[in-house]
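Next come the structures, one after another.
Across the two complexes that follow, subunit A remains constant while its partner is subunit B and subsequently subunit C.
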Partner chain A sequence: MFDCTDPSQLSGLSWLMCYLTTGKHLSLYISVGTVLLLLAITAPTALLFGFGGASAARSRIPPLRWIGKGYIAVVRGVPDIAFFLFFVIALDQAFEWLRHKWKCPDWSEPIRQGSDFIVCAEAKLPLGTAPQWVHETYGFFVAVLTFAIVFGAFAANVLYGAMRAVPRAQIETAEAYGLSPRQTFWRILVPQMWVFALPGLSNLWMVLIKATPLLFLLGIEDIVYWARELGSAKTPRFTDYPHGDWRMWYFLALLIFYLAFTRVSEIVLDRIMGRLTRGQATLAGEAQRKAAA
Partner chain B sequence: MSCTQTIMDYGLRSVGIGERLLPRTDFTLCQQFTLIGSGMIWNIYFGVVALSFGFFLATAVAMGKASHNRLIRKSSEWFIFVFRGSPLFIQFFFAYFCFLALKPVAPFFDVLSSAWLGALIVLFLNTAAYSGEIFYGALQSVPKGDMEAADAYGLSGWPRFRRITWPTMLRLAWPAYTNEAIFLFQSTTLVFFSGFPAWQQRGDALYYASYFADKTFNPFVPYPILAGYFIMLTLVIISIFGLINRRLNRHLPSDRRQRLKMRMNVIR
Partner chain C sequence: MKTLLMGTAVLAVTASTAFAAGHSVVRLGTEGAYPPYNYLDDAGEVAGFERELGDELCARAEMTCEWVTNDWDSIIPNLVSGNYDAIIAGMSITDEREEVVDFTQNYTPPSPSAYVAMSEDADIAGGVIAAQTGTIQAAHVAESGATLLEYPTPDETIAAVMSGEADAVMADKDFLIPLVEENSGMVFVGDDVPLGGGIGMAFRESDPEMREAFDSAIQTMKDDGTLNEMIVKWLGEDSPRF
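And then the complex of A and B:
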């Protein structure tokens, strides 16, 4: 389409087209994929964590209940960016420590020596000899786990509230039919709680989208990293496409990207909510019925 | 070095008073507590100033969104959409680089590219948008009877707004607004991670916490300290807002009063 062999001869639109398709820009576009991948993996994982947390918080066994409630309570009141920064190091060290115990049982020196954290070479994660992509994948994996833990706690809170919102009469009816607590939970409570959980969960989804730039703080080469990298002033010595400080424009583009993303999500979630409220005995359901009639 | 000495040296380090150099080796618990606590000054400064100015803009935005004038309504809606629909982190970055780019235009923008003002403006606009949406929701649910009663008493225009609409709106919005305040304080920790430089290492609590975590490679001490400080701050906010809540609800029979509950909210 455009001949990009000699950028210094180009001008106007063709220069811009060539500029926007350099190798580094392709990395930027790929990192948008990373963000989407993060969302696609984190959302179900966090939901799973949340479900576990909420069920634990309702448990009849006290220690399990304390763990569930503690998990929900601990994310309140503390900035989650602190959790992100904390978990990335803590998880990494926890994995290495476990592998260290397992692989090098006869290691005698202490693991914490002053300000160093030392495990044997075989326990390093990833191994020092591993190729670059393993390091990157491992970093991404730790980031996903961190997101899932933090957002799992939020989801646990939403689901816990939703479980309590299921009408009491439903549970009592189930008991009257002789269902065991386990059967009541799986056959009555869980199928009915989703309508109550959806507003909270869709809010959470929006928050999750808006939390994705924090990947940058976890050391992933994400869109924020590339926007800073590509936008900074370039001299003709180092690149074929010299330009001034364009970071402002790159971040404007990111801003618009996120605005569009949240807007589309909002529209889709509204549709889903509309679909779920159809025929429900709620105010919204009643309004729908009246509008149709 | 005794702990009192450390507090003397580092207690106000984040605002540039006291010892110039940060501790480099042999970190004591006392140093970590003192420096992270010193950083909280910034978090409190950002939170308090942004909230108190944001409150007024939020009221204006909520009124604007409920306005009959199409232009005012649309611009309020767009303001809320832009600040609520995008991550605060990106807003910080964009604002910082925007101020940097404007620097050669006027010396005025020089001040804006430093954290104490530039980040404050972003936080101010951001909280105004979030609370504006909360206030708008509350404004929509002001009971019709209250307005009719105001009409019956011959109140209209400004007196009606000041004495009936606004207090009722605040009363209805207060629990949600408390949450917004808590989360505004938490998002102040993003400031020094988003472009705005911590001049002479004068940073906020999280800045110092991550400094210690990087130096000692041990996250298990500084982050729980930070968490402790923030939980205390949250409790203080809840009790202050609870007092205001009590005053806003004082005319209601006690069983109809809304109690402030600490609820899960969200980051941005």
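And then the complex of A and C:
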């Protein structure tokens, strides 16, 4: 490896190699992993929220239906950024309040003192004594939950529409065979709705990828934060690697990263679409059948 | 009456142990983007004047401290909702902020703010002036009659002047000095403006014990002159001292 002890003596490639392996750059590379991990966890969770929301919205039990429809309407209607700023602090305080009620029932002081939010030390989440990585992990999961709730509402609307797009004849046939509503739902409706849901869901996935920079609002240092931090002009007093305003190059790298990532997603989604279309009573399904014949 | 007293005593004891247990680690929140006060070094660690000061204060107050970085915009909301225990981020003591948080005594004397532009004849009275959102400088520009252009980070205010979007930038002079020294094109314009009551650490209003501890640690550093040494080291010979 290169000797990076005195970067001012280096030039060209060896300088670049040293520059790109500073601790700060390693944080940038780790944050790429954070973003990918967030997507990997958020996507299925959001889908779960969406499925729950959609099922609730078409329930025959009125209160359940109201909850489902209310969830879809409220979350879809609030701007993401307002939701992220308000909701995360509120969610965090709600968790702490619940733990406070449970762990410190004898607490006599008010929880809200002016603008402060005070719970007993045992109820802090994570505990004030916990190491920094616990705080970061906790922040990460609050972020996952927030993303899942926001994108779940959109997914719920997509799935709600998809459930209604399944041809009525399919449901009628199932009923004629004597399947119960529950069986009809799980065996006929759900397997067939995905093909109608996928275009909407793939849109959501793309938007979700692009929404990850909102992470910094939640106190998580994501790739855009590090790119901005690393790219900003550095004076020799505060770094061994002084440089001018390089944000353009860092953002160019981000652009390529996001484009490559969405391109790969598109390819994968196309494959899934082809797989889901098989045997479906849709135009594409028909075309597939003719091509095979 | 006796049980009442007992109860109070028990409560006081448990409260103080809870305090000790809860605060054996003090989380210090900073921005990490305002050299020389606080910035991230090449290893990605918080460094600068406040890093050294904060570590020394924690040593004197016999507490273990941990550094956390947070966006400037949400640095006060995250303090009052308890995500960290103190702000040490070049935050000037102002009456507006005093309404929400409690400050220690200042650890820098009231220091001047200044305008920096690409040329001597920049119009600082009526032109477009860049400043960081939610700073005393932004408030000053808004009142001065110039057009205020706000940015979330200090870097971006400088970049705006370099790209010509803004005629000048207003910030703490200590932040601007290294920039003017490095960039041959940038110059100070107009007179320095004294703003704010110096920089202090901010605590939740419900945390008086911890504020006290840091306040007296700052006092000891003022008394034995170590604070002045640190100011000279990081903020330069010209920066006001105690």
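Please note the rule applied: the second predicted complex is superposed on the first by the 274 of 293 C-alpha atoms of A that agree within 3 Å, B and C clash if a C-alpha of one lies under 4 Å from a C-alpha of the other, contacts with A are read in each partner's own complex, and residues count from 1 in each chain.
Keep in mind that, in the parts below, contacts are C-beta pairs under 8 Å (C-beta built on N, C-alpha and C of every residue); 3 or more make two chains touch, one makes a residue touch a chain.
Because the structure is predicted, anything quoted here is derived from the model rather than measured.
J.: Based on the superposed arrangement around subunit A, label subunit B with subunit C as either clash or fit.
T.: Result for subunit B and subunit C: clash.
J.: On the A-aligned overlay, A:Thr42 touches which partner chain: subunit B = first, subunit C = second, or both, or neither?
T.: It touches nothing on subunit B or subunit C.
J.: Once chain A of both complexes is superposed, is A:Ser55 in touch with subunit B (first), subunit C (second), both, or neither?
T.: Touch partners of A:Ser55: none, neither subunit B nor subunit C.
J.: So, A:Thr277: does it touch subunit B (first), subunit C (second), both, or neither?
T.: neither
J.: Examine A:Ser202 and indicate which partner it touches, taking first as subunit B and second as subunit C; both and neither are also allowed.
T.: neither
J.: After lining up the shared chain so the two structures overlap, which partner does A:Val158 touch, if you call subunit B first and subunit C second: first, second, both or neither?
T.: Only subunit B is touched by A:Val158; subunit C is not.
J.: Touching A:Thr184 in the superposition: subunit B (first), subunit C (second), both, neither?
T.: Once the two structures are laid over each other on A, A:Thr184 reaches no partner at all.
J.: Taking the superposition as given, does A:Thr212 touch the first partner, subunit B, the second, subunit C, both, or neither?
T.: The answer is first: A:Thr212 touches subunit B but not subunit C.
J.: Considering only touches as defined above, state whether A:Thr146 meets subunit B (first), subunit C (second), both or neither.
T.: In the superposition, A:Thr146 contacts neither subunit B nor subunit C.
J.: Figure out whether A:Ser31 sits in contact with subunit B (first) or subunit C (second), or with both, or with neither.
T.: Neither subunit B nor subunit C is touched by A:Ser31.
J.: Residue by residue on subunit A, keep only those touching subunit B in one complex and subunit C in the other, then list them.
T.: 85, 89, 93, 115-117, 216-217, 228, 245, 247
J.: Per the contact definition, I'd like the list of subunit A residues that touch subunit C in the complex.
T.: Going by the criterion above, the answer is residues 22-24, 26-27, 85, 89, 92-93, 96, 106, 108, 113-122, 124, 127-132, 135, 216-217, 219, 221, 228-229, 232-233, 235-242, 245, 247.
J.: List the residues on subunit A that touch subunit B in their complex, please.
T.: 72, 75-82, 85-86, 89-90, 93, 112, 115-117, 154, 157-158, 203-204, 206-207, 209-214, 216-217, 224, 227-228, 231, 245, 247-248, 251-252, 254-255, 258-259, 262-263
J.: So in the complex, which bits of subunit C are touching subunit A?
T.: 11, 18-19, 21-25, 27, 32-33, 35-36, 39-45, 47-48, 66, 68-71, 74, 77-78, 80-83, 85, 100, 153, 155-156, 158-159, 162, 178-179, 181-182, 204-206
J.: Write out the stretch or stretches of subunit B touching subunit A in their complex.
T.: 25, 27, 81-82, 85-91, 93-94, 97-98, 100-101, 182, 186-187, 189-190, 193, 206, 209-210, 213, 215-220, 223, 226-227, 230-231, 234-235, 262, 264, 266-268
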